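The chains carry the letters A, B and C, assigned in the order they are written, with residues numbered from 1 in each.
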């Protein structure tokens, strides 16, 4: 009895090992699809403060699939479908989502992951499987330093966003003393580093630097501590829930007059809801497309489809990422003798890393070869006025200097 | 016969001897030395921040201390109320009621629905006092209900099992409740409506006046902030902090009175000490245990609503961290001791608020600090930090 | 035919092949002191446990006031009016002498949590009455001036007496005492005998006790039953049992440390 059980267990384990080996074998080099082209999407769809960002990304991708519901290859037509995984905006979630995608040989490429922590954790898994990912929102600047072959992004890196933010604070707001806070995520840490470095380079003083834990609720003592150093502005790189608490608890720590500024992580309607009256006057930023007719049309379609304004900033980026993947499939796929679709993963990756002079909703797409796909792009500075984010300035980075176009404020 | 004189012990030999003995002692039990080293480093960091550096004033001022102390006391009061729940359940059943944080969360959530309903129906605007009472009542009610359901379906079936079993079951129950709330009400957080509860116009005649200055309705107990100058310190006082602190103290007194001075409390203590004998004497042990869970529910529900009144956000996961902190507080105070739980909670809140600033360390390390203290206390004073102070008079 | 308070018929209890009780019959009349004696392992404590619902007997009947106790749990038996003390002292370490006795009364108190917290008039009256009764019991056990003490500081004999009046606090009609005089010296034994007599006479409580000390048994009991190896070998008035050859044999044949003083 025992011996039989033992043999069964050994066989089971052997089977599992063989199965695993199959999943991760580099022979995932080709996708063979009978009728469908499946694109993965990895974003945080649940969770306080981050869910809306992911939902916004999902909707952008859905609209792209609606616009291009099928793809013509040779004389055959293939339908396009999204396969969605919730990556929870965490390293573990990013890994879990990546593992599910690489276990499914039907996935041609992946839009996402959503957060820099997830991108960093998932990239090695995608690398090993020869997959290609296009993230609409991972802004951490280290991600494109050459380590990851699978990683591409259609968003401006924090190297740009942070620089624009620092320049805006110093030059446009005329503030010389800031305190920085981040939430311990790679995204937050990196962004704060960029902002602080640029701000000091400009001649400003970073009077305090600190970090918080995601999920903490009482930041009053910390704000009191920061207030002791008399900053004029608190720059926080993190997400909506913590930002809402921080901006709300400012008043409890006698910091009513200190400006609060975040980045794309708090550029959601959610933040305004959570912070309540304390949201008024808060700044945020996001890489944005230049406003033109195609974008306006897209936004109109968005509102029509979902009945509300986008809850986050990355719908256009997700739309472009999905379209780009479909382009890549269209131009690299071939038909096999039995009429099924063949996509060579290496060719697809090469196409995406080499794409040039393509106009997307989020800007001009010009691959730099390291995974950065968006060329010169604009970063919008937005501010909460009367309960909603309004664009107050647009910054453009040219040769390491920033030009601002100011919006007229009502 | 051995006439050889013993070799005289030279001071150097003695030194070597002492050193080797110290080394052996260190190898045998390195903990005290390590603890002292950590302690000294902390003292050094503290002095560096407290003393003026040349021309520069000290980076940590008494005024800052006072302000942070107030924040710490408020947060500590929340921990204290939770710690009371852990400590009571532990003293009767010798189990860690790990899902207590979820009871807190359920209270905050129920309060959210009541308060939102009040805000939407206009009751909140017309009668804030009644709305706040209803919010508290529904928070406490749901918390009691959840605590009793847990007692009946989670803890009672494993009551006779080893404590590890009930701990594991409790952790499981905690996750189940979290996930159930996330599925029922969504995983995203909700925001408590802002409440303006003006009270005590006779005590504070110059507060809460309308634009004409004729009608003054007292201080805003929940959302008010008042700048006060006290002994030359400029403080911003939040009445809600005082409310939370007072609530913790009042609950502690009620609990103490209940346990020490009432017949039901005596029965409870009897069950805690020797359930078999208590049962023989006609004490209904189940009823006593149900009562203790209900009392824990009252405290956790009230704490949940008060917490949400001033921290505003509630989500299915909002109970976890305060729950763990409450448990830590109970252990710091010596689990099983009522005053110990309150002292532990307040200490924890104050440490969280003050120590990162005093030591000049990142606020991210706040939790590391708290759990580090717990480890040290458990290592060197397993009975809790306040054991000697709170030990009851016994022969 | 006398009406017995407690009637036991053909009680059998086995533990893994060891027969602890074998066909035991016992009739305890009301308002009497009934003693069970017998050497170690004779099954006296097992009998108590069976009566008290700690474990069910394998066979036989136990009737209390004409109702069967079989299948009732310990607390149900306690509520029927049977109280008990243990061989070893089991007092609540964290309670004063007075509180120990008050706990015994808790089951009969009506005040709820809210009433107690609000100190309503009825709750205070009830509490006052309970304290009066508790003091009366302490008086009985000669512990009046020790009422604020914790039990650890009490002499052993006083702890024993406290345990007995604590059991009495729940107003039982039958009191099971497991070796009340164990480890108690001679003068204190006198006191204990006196206490048990007063419990019968002043409170009308029937006492069933297990005792090794034959001198205690003879001076205290109205009836005696001798158990040996789980069997009842003799019963009746103390004088009759002392004269019973089987009873004497049971004791002489057992270990010599027994104080069988005739």
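As a convention for this text, contacts are C-beta pairs under 8 Å (C-beta built on N, C-alpha and C of every residue); 3 or more make two chains touch, one makes a residue touch a chain.
These numbers come from a predicted model, not from an experiment.
> With chain centres set to the mean of the C-alpha atoms, which chain is at the far end from subunit C?
A
> Quick check on this structure: which chain has its C-alpha centroid closest to the centroid of all protein C-alpha atoms?
B
> Would you mind pulling out the distance in Å between where the CA atoms of subunit A average out and where those of subunit B do?
Comparing mean C-alpha positions, subunit B is 38 Å from subunit A.
> Could you tell me the distance, in whole angstrom, between the mean C-alpha positions of subunit B and subunit C?
46
> For subunit A versus subunit C, what separation do you get between their C-alpha means, in angstrom?
77
> Under the definition above, what is the set of subunit B residues touching subunit A in their complex?
59-61, 64, 67-68, 71-72, 74-75, 182, 187-189, 191, 194, 225, 227, 234, 236, 238, 307, 311-313, 315, 317-318, 320-322, 352-354, 356-357, 362-364, 366-367
> Using the touch definition from the top, list the residues of subunit B that touch subunit C in their complex.
254, 257-258, 262-267, 269-270, 272-274, 276-285, 291, 392-395
> Okay, in this complex, where on subunit C does subunit B touch?
Residue positions touching the partner: 52, 74-75, 78-79, 83-84, 86, 90, 92-95, 99, 102-109, 111-113, 116-117, 126-127, 130, 149-150, 152-153, 166-167, 169-170.
> Contact residues on subunit A for subunit B in the complex?
46-49, 51-52, 184, 210-213, 215-222, 224-225, 228, 241, 244-245, 248, 251-254, 270, 273-274, 276-277
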